[in-house]
Amino acid sequence: MSHGHDSEQVGHIVPLWLLFGVFFALIILTALTVWTATQIDLGAFNIWLALVIAGVKATLVALFFMHLIWDKPYNGLVLAFSFMFVILFLGISLMDTAENMPDMYEGPAPAVATE
Amino acid sequence: MGALLTALAGLALAGKEKTFWLPKQSSTAAAAIDWVWGFIFWISAVFFFIIVGLTILFAIQYRARKGYATAKKHSSHNTVLELTWTIIPTILLIPIFWYGFKAYLDLTVPPANSYEIGVTAQRWAWMFTYPNGYVDENLHVPVDRPVKLVMQSEDVIHSFFVPNFRVKRDVVPGRYNITWFEATEVGDHVIFCTEYCGTGHSDMMSKVVVHPSGEFETWLEDASNFLDKLSPAEGGEMLYSMRGCKQCHTIDGSVRIGPSFKGIWGAQHALTTGEQVTVDGNYVRQSIMDPASQVVAGYDAVMPTYKGRLKDQEITAIIAYIKSLQ
Amino acid sequence: MNVTDTSITPTDLGGYASEEAESENFLSYPKGIMSWLVTLDHKRIGILYLICILTAFFIGGMFALLIRTELLTPGATIVDADTYNQLFTLHGAIMIFLFIIPGIPAALGNFALPLMLGAKDVAFPRLNLMSWYLWLIGAAFTVFSLVNGGADTGWTFYTPYSTQTDGAIISITMGVFILGFSSIFTGLNFLVTIHRLRPPGMTWFKMPLFLWGIYGTAIMQVLATPVIGITMLLLIVERTLGFGIFDPALGGDPVLFQHFFWFYSHPAVYIMILPALAIMSEIFSVFSRKHIFGYKFIAFSSIVLAILSFLVWGHHMFPSGQSELANFVFSALTFSVSIPTAIKMFNWLATMYKGEIVLKTPMLYALSFMFLFGIGGLTGLFLGSLAVDIHLHDTYFVVAHFHYVMFGGTVIAFLAGLHYWWPKVFGRMYNEKLGAIGAAIIFVGFNMTFLAQFVMGSQGMPRRYYNYIDEYTIYHHISTGGSFIMAIGFFLIAGYLLHSLLKGKRAPANPWGGNTLEWHIPSPPPYYNFKEAPTVGDPYDFSELEWDDRIEGYVFRKAEGSA
Amino acid sequence: MSKKHSSDGAGHAEHPKWMQHHFDTPSQQFASSKMGMWLFLATEVLLFAGLFCAYTVYRANHMDMFVFGHQFLDVKWGAINTCVLLFSSLTAAWSVRAAQLGQKGLMIALLFITLLCGGAFMAIKYVEYSHKIHDGLLWGTKYKPAGHAAEVIHGEEAHAAGELGGAHGRVDEGHTEAEQVAGIEAAHGEGAAEAPAAGGDALATDGAQAAGAQAAAPAAQGEGVELPADVLAIDVAERSTTLPAAIGPRGLVPVAEEGHDDGHGAGHHWEGPIPDNVHIFFGIYFGMTGLHGIHVLIGMIILGWLIYRALKNDFSPEYFTPVDLGVLYWHLVDLIWIFLFPLLYLIG
């Protein structure tokens, strides 16, 4: 049983203080996001603020809880890539629907029979 | 190869008439679109001949005569060459895109003075509403005048397509889609539905009737007054086929989506609510205006309301027609 | 050429003596039907897949013949409209989800990928077996819809039609959902295998190009397929629970469904074609007896194609009511995908140039691939162009175009790959002459079937039509005739391949003179693939290979570096 | 992914039982498994992408629908659930550390706490869901605000006859009942009103309705007025069969978070007409949280299985891959919730 840093050791052992530190940061950020969303009115900017906070929280979880910071870079790349494709999917769908979807029932939209 | 030669001949004659590849050009947009079509065709043809020609040439020229061969050593890459055949196609793609886009822009913006006709698609019929409120199963238009179509669907997605005009646009339920054209050829042109919509998809055809200049107005006037000229029952029969009744209600007693009209007059019907109702003028009128209110047992409440779509006189005619189907 | 004294040394067979190779060949060891059903061996799973997808191809092909027969005359010929609608729906769904998507990666790829890489197996053998079982379950769901009322939506499942129609839409969408996961697990497995199981010396740029193609495919399988999963789930809740996100009667947007659908289904087109291009890169080099030209351009173009495939989905929606801005962007991006494809085709031509071209069956398919895929690719330009697409959209031009790409491209490449690896998989040679005849019949029949469709499509014949106007009759006659010729070709191929299994000549380890690692071990390969770590060289350097008349195959001139 | 049985944790250097034959070294096996898991997580992200896409598209185009709908979600429960999941992530990450250090008892305890947190999360979800179900705040065709929702919503069935060029309301039996209950207060002219229309003719039955026809009537009185469910929300599907449908402002005006609190000005005020198709918000809410909930359940099954194997002594500092991968999955479930919480609960 080898506990040292020799080649047999698989994975990185995260110190406890770091685990707890990340946890408390996450809780504080949660409180922050509730507070900013309910108490501060930034108009359209609120959603972006909430998303930024969520992004920071997600990064903390991914980097430390999910060991990405010590992991092979490819694994991080996989996650980053998946987020990129989500943004691509959302972005283009939004670009299209933003142009014609509001017309759908804000004007006198044609009625549709249901079955 | 033979097909290709015929095609070349066809393109050489490209004009308004039907060619080997493309149908007759009967709208103002057609010529520009066909030009892009030909442009892409020729570029493709050149590339195709280069690729296939070289493939065949090499296969013959460098064929190993025995069934096997030893390998030869040759250069395995040449960056300049490879960049060349990357960049040349890239450059060629730019005009292909650009001309296609330009011709498309003309398709999307109806001129301000367009004559506006409403299009309603429902399974499996087209209905065209003219500015005076008259509805017809065929699309009648004047020649040489831009026509704007405001299209809506009653049920699923359909698509309005006139090959001779090179015009196509999906008709999406819940929104108005718009397209336009300016017919240049007097006569009949076929309309297809090109978005799959079920059993009757391939029968969902209609036609564009292009009237010579000056005759469209008289036609519309005439057609709009058909009720005045015909007996109510005859007028009702026309309405029955033009306004989408016949898709669901037969006149021979067979059951489709709704009850058949044959022998229905005066009959007693049980409703889904359990009540009994006699089929009379009031009931027919009520069923047309608010179909969901009194549904005959055994049928689904799928009929769209015709409130605002049929005038009193028209409803009277339909009632007369149903009455005549004893 | 000249027969040297080089005998078949153990190093020629990956360290196996020939008797040993015989007794440990993966087909006969271990024995018993159960050993196949619970096998973790990638080669056997490849064969299980092969049997299944060929069955699916047969069923889908029969549907195609029924469709073509029905279309011989306008109106009812053999079936009614509703049956016809179910036929083309199932033809599409079976061919796409059950045959083409798993075809090359899961059947041929499963067999060849670890061998070409020099690995003992894929990274997750159990997951590999599981994805085969998922395929079976998905296939059962899909085919079940046939007996359970049929699905008549077309393989695109557009709402609101698919939420309103009767029939077994739920079972077929469930099938697609499950098949999606089968595909995801295959792709995931290959990605990890290529990353983590490369033996020493197998650097990225020493990998055979087939692996680059499969790598690009796997990226798309992993990143695109989950979206069809959620789309199908949403469709199911839309039908069962009245969800309403895509239902215009509830304020939903049917065009949004099309975005969802094509976000997967356009990359899916490249999931189908990219492995085909990858097989071509192998075959052109091996049968031209010449190093592949422009290795890096071909390798990178696979990855570029995989990425670009995610950016062009909206070209399926030009007339659908998509915004003009989206149409502009998608049309412009669509043209960009033709560039990496063109690069590959020119590089293959350059590979043939001054080669020693051996016209064996796989190469004949490769030549017909150039012709057919050339047409398929170039007609894509018509459909990418906005104005022209408005006219051609949803007509037989589109039908012909994607058959030229999917059939003329992928199926032809699949047949090429099948003939290429057949001796390796089963250790038997097929009849070369019949192989050539089969390829010719398919080529003729195919062109007859689908060239006619280009013409009638340009003339305006819409797709998914049960009935048509008289003007198009002649083209339908030609098309139906061609489809029967093709059917004859396929029966011929099936005949001589099955015959070769029973009576075929023993295949040498290296009948074509390939230099990728699978040709360094006996045919069929032993259970454990490589007895010792294979020596990795340039996969397209054929200078060490020589024809040996005694075994009617190629041998390596020098004993290789490894002990 | 690639797991083999192992009876004893301390494997031999040569052939530990958990080593698979096609890998050369334990670290190769570990890295492969981990990469496989990450790729799988990527597919999970893309699976959720569909719902995020629906969310983005509808929110961007119909913000009002979301602002209105989200009032019925309880930030308090959402925030508590976020903390529960974050805490479970901590214990999960800690359990990997325990596995690496060979602290078997601690690892099992931590995994068990994680499992319990998952249970707590689902319990809270259950409370929230049953609230919504009780109130009829559901998706699509099932959206029929009732019961509690009727208490919090000071309803007004407005009728936009004039604008639409024809009345398209429906005959509704609930109408008279509605008036009986609501009529007294409504008689001020600001309260609940229902404008039934038979055969398309707007029948203004009393003065209250004439006033109520103004869709944007502010909820000045602030009393919670109870209306029967079918008055509040005519089934949307049926509604849209009438021409031109789906446009009539609904006139539901929420007064306060809880109908029975002090009543004046507390909670949200909704000014202006109630947006159409609020059911789409609830559809997306149930879609997202439902799919997430299914993932939590799957995660709990995985955790249970890990505990079972840990009790069997399957893991050791040399081999703890299943723990690592299972915990990665659990973190992803957390990761998605981190985005769901602000997107669904903190709108506006």
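Going by the order they are written in, the chains are A, B, C and D; count residues from 1 in each one.
One rule holds for everything that comes next: contacts are C-beta pairs under 8 Å (C-beta built on N, C-alpha and C of every residue); 3 or more make two chains touch, one makes a residue touch a chain.
Remember, it's a predicted structure, so these values are computed and weren't measured experimentally.
Farthest chain from chain C (centres taken as the mean of C-alpha atoms): D. Closest to the middle of the protein, by Cα centroid, lies chain C. Centres computed as Cα averages put chain A at a distance of 45 Å from chain B.
Put simply, the C-alpha centre of chain B and that of chain C have 35 angstrom between them. Mean C-alpha positions place chain A and chain D at a centre distance of 17 Å.
Between chain B and chain D the centroid-to-centroid distance comes to 42 Å (mean Cα coordinates, whole Å). Within chain C, contacts with two or more other chains are made by residues 160, 164, 195, 223, 227, 247-249, 251-253, 255-256, 259, 321, 324.
Along chain A, residues 74, 81-82, 85, 89, 93, 97-98, 100-101, 104-105, 109-115 each make contact with two or more other chains. Shared contact sites, meaning residues of chain D that touch two or more other chains, fall at 31, 35, 39, 42-43, 45-46, 48-49, 53, 57, 237-238, 240-243, 246, 276-277. Only residues 74, 81-82, 85, 88-89, 92-93, 95-101, 104-105, 112-115 of chain A touch chain C when the two sit together in their complex.
Note for the complex: chain D touches chain A at residues 10, 26-27, 30-31, 34-35, 38-39, 41-43, 45-46, 48-49, 52-53, 56-57, 60-62, 75, 79, 82-83, 86-87, 89-90, 92-94, 96-97, 100-102, 164, 237-238, 240-247, 276-277, 316-318, 320, 324, 328, 331-332, 334-335, 338-339, 341-343, 346-348.
Taken together, the chain C residues at the contact with chain B in this complex read 1, 81-82, 85, 152-154, 158, 160-161, 164-165, 248-249, 251-255, 288-297, 319-321, 324, 327-328, 331-332, 335-336, 338-339, 342-343, 345-347, 349-350, 352-360, 367, 370-371, 374-375, 378-379, 381-382, 384-391, 393-395, 451, 455, 458-460, 462-469, 513, 540-543, 545-547, 554.
Residues 160, 164, 195, 223, 227, 247-249, 251, 253, 255-256, 259, 263, 310-311, 314, 321-326, 329 of chain C are the ones touching chain A in the complex.
Listing the residues of chain A that touch chain D in their complex gives 1-3, 7-11, 13-14, 16, 19-20, 22-23, 26-27, 30-31, 33-34, 37-38, 46-47, 50-51, 53-54, 57-58, 61-62, 64-67, 71-72, 74-75, 78-79, 81-83, 85-86, 89-90, 93-94, 97-98, 101-102, 105-106, 108-114.
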